[in-house]
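For reference, chains read A, B, C and D in written order, and residue numbers begin at 1 within each chain.
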Amino acid sequence: MGKAHSQAWRNVAAYFDVPPVEQRVLVGRDADQVARAAARFGWAEAATDWREVIARDDVQIVDICVPGSLHAQIAIAALEAGKHVLVEKPLANSIEESELMVAAAQAARARGVQSMVGFNYRRVPALAYARRLIADGRLGTVRQVRAAYLQDWLADDTAPMTWRLRKETAGSGALGDIASHAIDQVQYLLGDTVTEATGRLHTFTVQRPGPDGPEDVTVDDAAWATLTLAGGALASVEASRVALGRKNSLRIEVYGTDGALAFDLERLNELEFLDGNAPATEQGFRRIVVTEPDHPYVDAWWPQGHIIGWEHTFTHQIRDFLLAIRAGISPSPSFEEGLRVQRVLAAIEESAATKPVRL
Amino acid sequence: MGKAHSQAWRNVAAYFDVPPVEQRVLVGRDADQVARAAARFGWAEAATDWREVIARDDVQIVDICVPGSLHAQIAIAALEAGKHVLVEKPLANSIEESELMVAAAQAARARGVQSMVGFNYRRVPALAYARRLIADGRLGTVRQVRAAYLQDWLADDTAPMTWRLRKETAGSGALGDIASHAIDQVQYLLGDTVTEATGRLHTFTVQRPGPDGPEDVTVDDAAWATLTLAGGALASVEASRVALGRKNSLRIEVYGTDGALAFDLERLNELEFLDGNAPATEQGFRRIVVTEPDHPYVDAWWPQGHIIGWEHTFTHQIRDFLLAIRAGISPSPSFEEGLRVQRVLAAIEESAATKPVRL
Amino acid sequence: MGKAHSQAWRNVAAYFDVPPVEQRVLVGRDADQVARAAARFGWAEAATDWREVIARDDVQIVDICVPGSLHAQIAIAALEAGKHVLVEKPLANSIEESELMVAAAQAARARGVQSMVGFNYRRVPALAYARRLIADGRLGTVRQVRAAYLQDWLADDTAPMTWRLRKETAGSGALGDIASHAIDQVQYLLGDTVTEATGRLHTFTVQRPGPDGPEDVTVDDAAWATLTLAGGALASVEASRVALGRKNSLRIEVYGTDGALAFDLERLNELEFLDGNAPATEQGFRRIVVTEPDHPYVDAWWPQGHIIGWEHTFTHQIRDFLLAIRAGISPSPSFEEGLRVQRVLAAIEESAATKPVRL
Amino acid sequence: MGKAHSQAWRNVAAYFDVPPVEQRVLVGRDADQVARAAARFGWAEAATDWREVIARDDVQIVDICVPGSLHAQIAIAALEAGKHVLVEKPLANSIEESELMVAAAQAARARGVQSMVGFNYRRVPALAYARRLIADGRLGTVRQVRAAYLQDWLADDTAPMTWRLRKETAGSGALGDIASHAIDQVQYLLGDTVTEATGRLHTFTVQRPGPDGPEDVTVDDAAWATLTLAGGALASVEASRVALGRKNSLRIEVYGTDGALAFDLERLNELEFLDGNAPATEQGFRRIVVTEPDHPYVDAWWPQGHIIGWEHTFTHQIRDFLLAIRAGISPSPSFEEGLRVQRVLAAIEESAATKPVRL
């Protein structure tokens, strides 16, 4: 993540007209490692004490890429020190921490200090364009959304234990890590909010090898949910880390009364769109290569048909963050939006505690 | 359905070595209509009273294509009269009727009279081949199944009321009509049975125009479920009649520890297969065109790459039915298997009665 | 081919309102074999002498499925006997024979006797619909066509010698067998005629095992051509029998000033269409599932999304043949159109005799 | 091009272990413009006189992104001044200039000064991996290649005249601009050289609006060729700038005796591979997402399934160039390889001067 965020800071000004920005200090735990990384990724300095860095006058922005359990502490301190803050998703591991962060963000905002949570897939041109099509009414009333985030890095039963598989460090498994992206997208694309949820969680591999023998996996490998949105749409969400062969497949389908959309993150430069108002004989999902100058973000890039990579979701995120800071407006997704996703995750967990019906 | 079943009876012997069979009598309610249909579709005679036909000595097989509410009555009578019976899916509209039909089937079976329920998608070559790959262990242990049956014939809010949208005649909506196919496939492909279910049902359009003004739609437009299988796999099932742009898209994905599969009924001659034991650099979903002589059913058809149509799921069904009758064995899916699907539908409905968690 | 033609005759009246037709006599060389085939495929009688059958008063139509070297003889005799004639493509193995057949067809036509050559892919609904879109101007002026017919049944060097690989029996190889389909489509889709050609032919495997040892392959394994059309478009044509993994892939792309199309016979129920008049941000090849009632031929078939098979290109061909006979008009493609394809093949062969430029 | 090359220089060291490199001077014609571009794209200085810059002691590498007519002059001067040279493709506009460049490159190479021509698509991971599969024998003997480079920026008849459409400045049209990429790929993938060619060129729009009225277009809009390779394979090449809807679609298919490949630059992170040695029932083109650590170049990038963009073909090119310089070996493609492509282009033009066969 640090590598991807660094490239965004290093490159954003080559493509977009943003306020001048310098890569001042990279902070890490190991002095040697962070020094090497700073040199490699274009940072002027390296440091190991984030509190000292936050205190510096020549630092105006803090970009937080650490495990979720540390988000609240750093973000709140930085906001209180008057630094604009970008924090990786999910906002935090608990509702409580998230609420504290929202309070800090609101206080800071009143002083002109901005904050943002890094649901970077909002900055995929195809998804930003999808949102525009929906907002423009091209789908009519949206009824049904199908969102699935499928990965397979836990498909192997012998893959080792990590902090991501312990509830105390990770909060949850596929649910918080990747279903959160899907849930944010549902709300983002529809410009709507979730009001109800059902859910189910499952752990296929309940023990994994640790350094001192088998350890219990205490988070989910896969998650399923249905969500009701305030506007009446229903969404299904599915997330898995054991979907063999799917590497990073966030697939989203949106069905409305007048149109439909389909997207897959493994082909992030494409969007499929069906116009339900075309004559029946001419209807079909069209594969739009989202590389036209009038597509969101694209005029900064290459000629038509020349695709961009995953990392530029971060480049676009930094662009939007910097422009909001310059304009003195609150960037989106705000900490409040991050909290809203956390509440949905909590509702899914609550629902998942109910036993299924036995046949 | 009558048209599709008729073509199967008319053509099966041109492709497969089956016992000789004649299209004796077509039964319908309107004498003129049924006479015309009989002539068109190759039946020697037409009739309007199914009881009379069942009583005939020159009739050995009864193929039932009527609304589900009439299944039990006709099927039981036919079985009692010693006729082999093929009945369209779902087996019946209620568990009670289904149980009566199972009892009749078991009694008949003891006398050498066979019965079968028409989950015709078991006879898609690609799906029969998928089952073989799974049974051969090519996927390892199956963990996750994603099944969705998406149609859009109710996407239009002004589409008229029909008997299919009334609970008393149709039993349920998308759930019984199309989710039942998906559920049967999950059990068929894995050779396993569902032990638990969660579910949700929703009706997007609650009133539709009838002949005398608006009428209430009393069945679901869409359904969602998660299913636990005895062997430990979990399946998600989604069905919709409002998924604009999806005409007849039964999509199934199966993820195991050693391989994965993907299928879409709109491209029923293809199966995607990923071999998880290939080197990582060479893994990928391969698009198998299921038209090789060694694929199930295919040696009867055309040279490689020459695809077959949807209607031949019925041709294959008749083949298997006739061969089972000749061999004196019970064809599959049996009425018991049909009942098992009904029990899953009932569990989903029961679970759907629980309120979602409100945020 | 006989099997596929038989199914068309057996089923056409179940789907289309055609004049009543009976499957009278199947003719073959081996009395036993032809008797069995007749029984299997629905023919009332079997015979071994085609001249006798042509002389029968109760035969009105002759459908010729024999090697190309026999086409002229049988077709001309049948036409002279006053029988309507359908002959498989290509029309004949030589220009000379083709011209004799055209003369016979013209004489017969003057007496109300019809004839047709079986370029069955004109009856793929998606291709008939493609022609309609082009004729309606949806592509503007067509500039460029890319047509490739790829198969792989000769990819194996050890596949045995057959009559299809000898110039004296087959006329040519991939060129006459499959490039001819592509060439017919180019002219059919554009409603235009070829005026110029360049070409190249190649044989990758020059000897193959025969019953008495290796034999020389005297036809091409693959062919390439460029064609100029009278209207100014240029088409490239490529045909191969060694394109490993392509079973029956006739792929056609058409690029005009206002739109574009793409098709693949392995997915014959689909057509991709790009509307160049849509806003740039919304352009993309849309995958039309050609199963709507208003698509050509489709109203006879199944509900939307329920695909048909390759064999029904023949069913549609018989329909159109029968309707033309009833209407007393000349069906298309006529023998003249078949001859036109032969002339293009001859021009390609002539061009292929020129040596390439050596570097 | 300058923007894309600059990003490669700016970022290469963040991903790859290359010798330290600084972006010293950007050279352009307009002092103001080049100063702004230098600031934006990370160059320390700007200049307008390339001769002065070449003379500087603190410049060791010259990267040439100018129209082809200037390549020879600058490249030869730079090589003579002892600078390593990277020049954009095509090598030059004429065989004569190309030969002079090759001579200069050979002389420089003897002094340890390296040179390279920028066929950047050799650095697409999927294509580098395709070459590896072929070299490893996974396709057996390659027989047939189909390469097409389709764009549509001239589909609009009213698009204005530019230097790219005049023979004197551009050399040729689609042929030199994009077919050259396809030809280089054919030779690169197969590790083979073209020995014979046939060709055809066409200009669909013969006049275009210039500042003072209509001007003649003197280069081709589209090109077709067949190529013989020394090893016995045949390749077809097609290039077009009027293929409406294709933005940057370099499609390559390779068919061998034991396997086949397919690629499309619009999905440059994917490669389709068919293993002809798998059982017939299991064969199919598998879609490999080329983002595994063991795929070429990929270990420097993101986790599996996280795709990279078009611009990193240049990043990889710089990496390979720098590593070759450090190792004191000649990078590939060399100027000799660039010349070889020019000779193929010339042979195609020569063949295209022959009239097609008229029907």
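Just so we're on the same page, a residue touches a chain if its C-beta (ideal position, glycine included) is under 8 Å from a C-beta of that chain, and two chains touch if they have at least 3 such contacts.
Everything numeric here is computed off the predicted structure, so don't read it as measured data.
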Chain whose Cα centroid lies at the greatest distance from that of subunit D: B
Contact-richer chain pair [A-D vs B-D]: A-D
Centre-to-centre distance between subunit D and subunit C (centres being mean Cα positions), rounded to whole Å: 40
Whole-Å gap between the CA centroids of subunit A and subunit D: 36
Separation of subunit B from subunit D, taking each centre as the mean of its C-alpha atoms, in whole Å: 53
Junction residues of subunit A - those touching two or more other chains: 246, 274, 283-285, 289
Residues on subunit D engaged by subunit A in the complex (per definition of touch): 3-4, 6-7, 10-11, 13-14, 40-42, 151, 153, 246-249, 265-269, 289, 291, 302-312
Complex contacts: residues of subunit B adjacent to subunit D: 129, 272-275, 279-289, 292-295
Parts of subunit C lying in touch with subunit D, wherever the complex brings them together: 143-144, 146, 148, 152, 155-157, 194-200, 202, 204, 222, 224, 226, 228, 232, 234, 236, 238, 240, 242-246, 253, 255-260, 274, 276, 283-285, 343-344, 347-348, 350-351, 354, 356-359
